[in-house]
Amino acid sequence: MKTIKAAIAGATGYTGGELIRVLLNHPYVEIGALLTSSRCGQAVSAVHKDLYGDCDLHFTDAPGEPDVLFLCLAHGASREFLRTHSLPAHCKIIDLGNDFRVDNTFGDKTFVYGIPEWFREDIRHAGHVANPGCFATAIILALAPLAATRLLTSDVHIHAVTGATGAGKQPGETTHFSYRASNLSIYKPFTHQHLAEINHTLAALAGGVIPPINMIPVRGDFTRGIFASVLTRLPENVAAEQVQEYYRNYYAPSPFVHLAAGTISLKEVVNTNKALLQLHFHNGYVHITSAIDNLLKGASGQAVQNMNLLFGFPEDCGLRLKNIGF
Amino acid sequence: MKTIKAAIAGATGYTGGELIRVLLNHPYVEIGALLTSSRCGQAVSAVHKDLYGDCDLHFTDAPGEPDVLFLCLAHGASREFLRTHSLPAHCKIIDLGNDFRVDNTFGDKTFVYGIPEWFREDIRHAGHVANPGCFATAIILALAPLAATRLLTSDVHIHAVTGATGAGKQPGETTHFSYRASNLSIYKPFTHQHLAEINHTLAALAGGVIPPINMIPVRGDFTRGIFASVLTRLPENVAAEQVQEYYRNYYAPSPFVHLAAGTISLKEVVNTNKALLQLHFHNGYVHITSAIDNLLKGASGQAVQNMNLLFGFPEDCGLRLKNIGF
Amino acid sequence: MKTIKAAIAGATGYTGGELIRVLLNHPYVEIGALLTSSRCGQAVSAVHKDLYGDCDLHFTDAPGEPDVLFLCLAHGASREFLRTHSLPAHCKIIDLGNDFRVDNTFGDKTFVYGIPEWFREDIRHAGHVANPGCFATAIILALAPLAATRLLTSDVHIHAVTGATGAGKQPGETTHFSYRASNLSIYKPFTHQHLAEINHTLAALAGGVIPPINMIPVRGDFTRGIFASVLTRLPENVAAEQVQEYYRNYYAPSPFVHLAAGTISLKEVVNTNKALLQLHFHNGYVHITSAIDNLLKGASGQAVQNMNLLFGFPEDCGLRLKNIGF
Amino acid sequence: MKTIKAAIAGATGYTGGELIRVLLNHPYVEIGALLTSSRCGQAVSAVHKDLYGDCDLHFTDAPGEPDVLFLCLAHGASREFLRTHSLPAHCKIIDLGNDFRVDNTFGDKTFVYGIPEWFREDIRHAGHVANPGCFATAIILALAPLAATRLLTSDVHIHAVTGATGAGKQPGETTHFSYRASNLSIYKPFTHQHLAEINHTLAALAGGVIPPINMIPVRGDFTRGIFASVLTRLPENVAAEQVQEYYRNYYAPSPFVHLAAGTISLKEVVNTNKALLQLHFHNGYVHITSAIDNLLKGASGQAVQNMNLLFGFPEDCGLRLKNIGF
């Protein structure tokens, strides 16, 4: 298959680094410009030190002529980047920020929301992709089968724990090791910014209104992962077996989303592009546990999955990563 | 004040060890028999190694003549212990197991449920105390003001994360460091054994039936603490300020339970007997965050608090512990 | 006993916070001015959030009339503070910075190096104390018996791991949770700034020159503690039993330093003012494991121990802290 | 290239699981029999739960006709296994236990010590490989260039910290999360069983005797990794630059061993087959920091590297793993 050239804007951050780690082993991608505003000319391994010995790449400030551009910028900075940089006409854009997830147009460009499990065909024919947020990915995968089958009718209660990498590279009080180790704390209760894209996407899948979603985000004591606990009441007379089957069928064509039979734990998805779902039923409620790696299925892994679809590569190409295991 | 003599059955376990740590600094308690079936004659510091240099106590198998006996046995073993050991008639019993929390009688003995913040006067005049479970403590403290004011009328959704010490000293698959580090997993969804005492106690406080409680327990990646996220819908036209005031008033006389104004985090209670509560209101819902140290307010600290009430000591005597901070 | 009034400069930092936590329970101390340049007027619990419910203190910028002043400032800032603030003539100063550890005079003030186990009588009669560094405390306690008995004659090799609180409150790259979790890294090999006070103190105890000390500091994956591994060759024909006895005898009068018979682990000292030492002998070498809590015996706990000596309180007054255990 | 069939004895343990994770993505290997004495017939994902959705393999007790057999058994059990199982004559054996590392013969079979960086040609022509221990790998890679250049002449002092997976899957006191979290402890000081293969191998490289090696193993507070701190005095008049160059040259042909210019940290090698070395020089001493992933370069990754050499595959085939990063 033909090789494409990839550029990354914001290549010094966490999601930029993960993209490099993944793309280094992708058989059809050549890593081109690794753009940064601050470390131009430096070796990639001076910033992403674990890549020492793995590559001889350097940061630059010239995008060159990429076939695909990943935007790994602060939320809100993607539009500014596109305004101030010129790209080849054929260049496809995958934005890992939240600039195009709800308001999905920019000039003549349209961004498809990049959850391949639900918008696979749209993405295959798209020019550009708005890569979903990490919480949004975990939660949409958990609820989309209910929305699509019109079973999402009661208030939803979500408690979702995120790893410290979700807060980005800039150090601060709540990412200080002394604070975060052996600790838990909630933040932005009911008001997390991912609720917009979650509501938007589920409403589209449900073909109408969806019930209120109560989301309590929690800062967890680990580096990687989202562990979401999602609870809602089912409409009356809906059998658990039926719901299980909906989930299984919807995700059967998907290489990365699995409905687990047994008990799942967060670490089973760490360093992979997988999402694991588990259902429990009790007194009319369904509880969905949803686990992803926030930097992979929740960011850079899903971005590569979207890239694979955009360019006609196998969906899992370069994404069969060795699980961390422990 | 007169000194009392305390004995501990099951003194080699986690809660037994915490009792020793706390009682060593209690001004009115002399530690008597530290009972064990397996390490009889050994130094306490051979098992609780951190006590090396702090005491010269040894384990024994003879209860002696204690004024108070703490039972720190496996759940279900307290009744058997009482059947097979004779105690002085005046000896007060504090059971940290779950034997007497719901069915609270044993022969002519009656056990009062030991949440001092709600049953303080009962405990003061009681002979024996059934010390609550760790999850139960965190959740009852969170919901009791709603129950007592008849505001607990809608289904309750709880997501509660526990530290590894909650699983006891016996090593196993889910307490193996390699499994537990950087991991989260749910267990016993909707069916945790503490639900019985939670329902029983809240119903008593509400003076009638209470709504269903959905509880999702989660194994956390830390050693000490319970971090409970509790959500329910308030009856219509109940003002947030009113609810805040109920909580503040109910807990005003309590030295260890605080309604925090700002954001709380789990570590703020670790190594203390405190419970911290925080309320958020949103679209008719109230969300209560409740944090305790599972081994102290959730077990041995609360047991000493109950002992203080039983014997007329100041409620916080010996329990002003230095917070771990970090 | 008479109560004294204590002020703390730099009360918003880690060591300042630990001092407050300890002094709150000290029977002979009233906490006076808690000085800060940045949070003046705010509640202490707004910064040290775990103290919510434990005290109603506020930060100030006026030292008042303290009997003892603890300086918890950045290294080098203590001299500047003393130049710019006037203190009561009788006020004793305990500096937790490194300003007076080697060059121990300031105007007419002399600072005694505050390792009570070796300079107890000097401290009792001192006006002011230079509180040792955390690494220095762990290492001096490990080597001082050899120095004092003239057995410290061969090169010393030290590998010492420190918790993240040792790096202070200011967040940075190497205290970011995402970096530090599950990680180890060395820093300042052979050149750590505590070597000056270590060399200075051991030379004084040895009454002459001491051998070179090779020290490799390591950033550890925990919040609290110093775990030092110290190796040196003994002079010929020195029996292990003899060395063990020297250690036991030297530390017999000390309430906080213990020569352990069995295996020690770091957590046995966390949240205490204890130091645990363990000796192994092999082929002419002695290996000393030394463990302390860097914020207590390595900083604020030792400062209170020194305060107790300065004011004639029992040495362990207010310092019988409940060990964290787990 | 032709595909080979691999069998694994002891496939339910940590190193067996890692082998499966690596071999699943190896282009020239078909995973054959996954042998176990206890879980025969069960799905691999029932034991290695993170492999759910990644493979449909099951455990068995029949070795079949493998081209290569990995032995992942308890130390000492490999000889017993070979005595009681018959294998095809052409089957090559890679033993991850310590049965053949020093005494390297079994009947007519000879096992080559499998550090590819030093015995690459021997391995290429070998029938069987004794895969080194994890500590041994980290330490031999650190010291071998000195041994080979006859610069290893002074006593060596090693402080090496290991992750909890190094202790194996069976839970116990020192792998209990409550014990291990935020803790450090030494074990087997001076007497670790890997010293035999370390001494044996370095003596072979040095062509004679080597100085005593003092090794202090430490239990670390993380799951994966070995972080070794190695110190020795250089012979007089040996320039640092010369030593640096020896290291660089020796490891230049090796795809996985790198002499880092800057500061290294443990996590840079986690989930990779890399070893990172860093040198510091001070007053005649050289200090070598050596970091590997104990389950990969220290076990299963190196086993696959050896397999690649045995079968003429590229040395790094299947071993370009995505680093965990965080």
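Residue numbering begins at 1 within each chain, and the chains themselves are lettered A, B, C and D in the order written.
By definition in this document, a residue touches a chain if its C-beta (ideal position, glycine included) is under 8 Å from a C-beta of that chain, and two chains touch if they have at least 3 such contacts.
The structure displayed is predicted, hence computed values, not measured ones.
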Figure out the least number of contact steps between chain A and chain D, where 1 means they touch directly. 1
For the C-alpha superposition of chain B onto chain C, the rotation angle in degrees, rounded to the nearest 5, equals 180
Between chain B and chain C, what distance separates the C-alpha centroids? Give it in angstrom. 34
Please tell me the distance, in whole Å, between the geometric centres of chain B and chain D computed from their C-alpha atoms. 46
Would you mind pulling out the distance in Å between where the CA atoms of chain C average out and where those of chain D do? 40
Multi-chain contacts in chain C: which residues touch at least two other chains? 14, 163-165, 178-179, 181-182, 222-224, 264-265, 267, 270, 326
Of all residues in chain A, those that touch chain C in their complex: 14, 163-165, 169, 171-173, 175-182, 222-223
How about chain B: which of its residues touch chain A in the complex? 157, 159, 161, 178-179, 181-187, 189-190, 212, 214, 216, 218-225, 227, 229, 231, 263-267, 270, 280, 282-283, 285, 287, 289, 326
Residue positions on chain A within touch of chain D in the complex are 14, 17-18, 21-22, 24-25, 46, 48-54, 163-165, 181-182, 223-224, 256, 258, 260, 262, 264-265, 267-272, 274, 276, 295, 320-326
